[in-house]
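Both complexes shown next keep subunit A, but they swap its partner, so subunit B is in the first and subunit C is in the second.
And then the complex of A and B:
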């Protein structure tokens, strides 16, 4: 019975926790500029994330190791130094963007400049992590995040042509601005397959004390939950394509993105968009902050866990507090949340090979996953993803300059 | 004579590349201004129909105004853009757009729907809505 409850909660919260600042920005921009043409990129990125999440959950449930901890043990600190630093830099920048996303959501409702909200939101994030356990971060925000289903409702009510949607799921060349199209396709991948998610998922599996016998729960949660979450991101793209593209509105600010809800929700449009953006970003901010603490603690062998008393894990608490302060400091210096998000998703693609390659080795090492090593499909996927990530890492910076 | 012809051809190619790059830049600016004009129109209409609050409308118009000014600065940062008659015309339309948005922010502040409606009618650089 407990496994069933875990399963339902896991699937529901995966849906509610999928959409955040990166997916909203990239999908809204893709829809407003290329209609349904980039739906395939969202679908492909969702499948990639689901497979990576399933593998990291399997590694944690069987080997009782998070991804960061296993990489540290298997490859040593000299190898891990580079991906660790790269991931922490991305985590800090992405955390700034997520806090910025929450601040913009509050600005949409109050009219007060978003910069004023950065510090209070940072304090809320820290307090939630200080007083609550893993369940609140994972399930609480995930359940509240179900408000993002509004994107699916909006897309549904706008009545898109099914054959046009199906065409969008097949990769095609853009009929205009090919560089921008390629940049957005790569950005969607970067926004969806964030490195923090892989380690957070495995750490969460350990926090929840998942057993080897419950691997099926992990499989269903990652595939079903993340796939439905991907449908929410597709909802953003479809709504944007149906409302903003015909009016020639490009998404250069969240205020413009908000307009996609007006034809469907009328008076509720701004509130629904603000809550979707705010709760999605707050959930992601909590996860990123916690994950930064997890990664540092797991690499350096400190006590860690969101469910343990904070006095028993002072270094873990100090680590996530330090990352949060750093992100807030960057935010207070001044930044454009939307531009920072687009930079973050491009940088994520640059470091992706560093995250995926060790994973390929770990998932074939029976010391970590016992008899649950990856089969030909899993290995083929990881190898293809490593090659793809390597190629994309080479092209993403030129694409960012030319089409970003 | 042959060298002269080659030099002439090269000069023509360089000129063509320069022109097409300028055309692309102008097209990009035009697209961005059209987007901002359309944004202003949709925000204004949503406010007039009571779908969005005055608070959101003011915030969104201020952000749009900021983006128009940013785009105008980019356009004006290249003198050759303003030397081109198309660039000069675009710059003037953008300035008008900027003024209309500024006035609309005032109209929303004073809840003057009639004035806002008039300004929306005089909004420059708004593309035709596609079906």
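And then the complex of A and C:
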């Protein structure tokens, strides 16, 4: 019975926790600039995330190791230092962007400039982590995040042509602005497969004390929950494509993205968009902050866990607090949340090979996963997509930046 | 203890727990004594950020030592545990020590004093 409850909660909260600042901004921009043409990128990124989440849960359930801890043990600190630092830098920037996303959402509801909300939101994030266990972070915000289903409702009500949607799921070349198209494809991948998620899933599996016999729960939760979550991200893209693209409205700010809800929800559009953005980003901010504590504690061998008293794991608590303060400091210096998000998600793809490829080696090492090693199809798909996307990112990210 | 140990695979960078199962850190370094006309002898494992940083880059190790000195937490660090005090090598390395009684706990105890002062920490 407990496994069934875990399964249902896991699937539902994966849906609610999928959409955040990165997926909203990349999907909204993709839809407004290229219609349905980049749906395939959302689908590919979703499959990739589901596979990685399943694998990290499997590593944790069988090997009782998180990804960060296992990489340190298997490859040593000399190898891990560079990807670790790169991941932490991106996590801090992404955390700033997520807090910015919540602040923009509050601004949409109150009209008060988003900068004024950064510090209070940072305090809320810290307080939630201080007083709550893992279940509140994972399930509480995931359930509230079901408000993001509004994107699917909006897309459904707009009545897209099914054959056009199907065409979007097949990769094609763009008929205009190929660099921008490739940049958005790379960004969608980076927004969906954030490095923090891989370690967060494995740490969460350890927190929940999942056993080897419950691997089927992990498999169903990963594939079903994340696939449904991917449908929400597709809802963002489709809504944007049907509302913003015909009117030539480009998503240069979150305020413009709000317009995609107007035809469907009328006077509730702003509030609904703000709640979707705010709750999605708050959930992601909590996960990134907690994961920063997880990563540092696991790499250095400290006590960790969201369910333990904070005084019993002072270094873990201090670590996530420090990362949160750092992200807030960057936010308070001044930034454009949308631009920062796009930089983060593009850079994520550049460092992705450093994160994913060692992880694939771990998942084929029977010392960590016993007989549950990954198959050749999964290995090949993930390795090929990671390397291709990394190479593409190395080309298009500088071009996009140079092109303004 | 296994009869044959691969130091890099089975010991270096592995998690260390004390005799009560509490996490103490990871094996940040291994001490090997060179002996004339005899094979080198593994004498101890070390836990501490300075030796870990030294492995990445010697300059980082010196920097970390300076930071520890400036914070007044360099006394007795890194923690050196003789190889003979290793109780077992499994998924973790279990050592015959109590975490709270070693210098590996110095930073944890200092931070705990601050964390404990906040309401809701326990």
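Going forward, the second predicted complex is superposed on the first by the 393 of 404 C-alpha atoms of A that agree within 3 Å, B and C clash if a C-alpha of one lies under 4 Å from a C-alpha of the other, contacts with A are read in each partner's own complex, and residues count from 1 in each chain.
Note that in this section contacts are C-beta pairs under 8 Å (C-beta built on N, C-alpha and C of every residue); 3 or more make two chains touch, one makes a residue touch a chain.
Nothing here was measured: the structure is a model prediction, and the numbers come from that model.
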Superposed partners subunit B and subunit C on subunit A - clash or fit: fit
Which superposed partner A:266 touches (first subunit B, second subunit C, both, neither): first
Which of subunit B and subunit C A:176 touches, first, second, both or neither: neither
Subunit B versus subunit C as contact partner of A:130, first or second or both or neither: second
Included angle at subunit A between vectors to subunit C and subunit B, based on C-alpha centres and rounded to the nearest 10 degrees: 130
Touched partner set for A:250, first subunit B, second subunit C, both or neither: first
Lowest C-alpha to C-alpha distance for subunit C against subunit B (Å): 38
Subunit C residues touching subunit A - in the complex, by the definition given at the top: 8, 12-16, 22-26, 28, 47, 49, 52, 55-56, 91, 107-109, 111-112, 114-116, 118, 120-122
Residue ranges of subunit A in contact with subunit C within the complex: 63-65, 69, 72-73, 76-78, 81, 130-131, 299-303, 309-312, 314-315, 317-318
Residues on subunit A engaged by subunit B in the complex (per definition of touch): 107-111, 245-250, 252-253, 255-256, 258-259, 262, 266-267, 269-270
Partner subunit A, residues of subunit B touching it in the complex: 31-32, 34-35, 38-39, 41-43, 46, 50-53, 55-56, 58-60, 63-64, 67, 127, 129-131
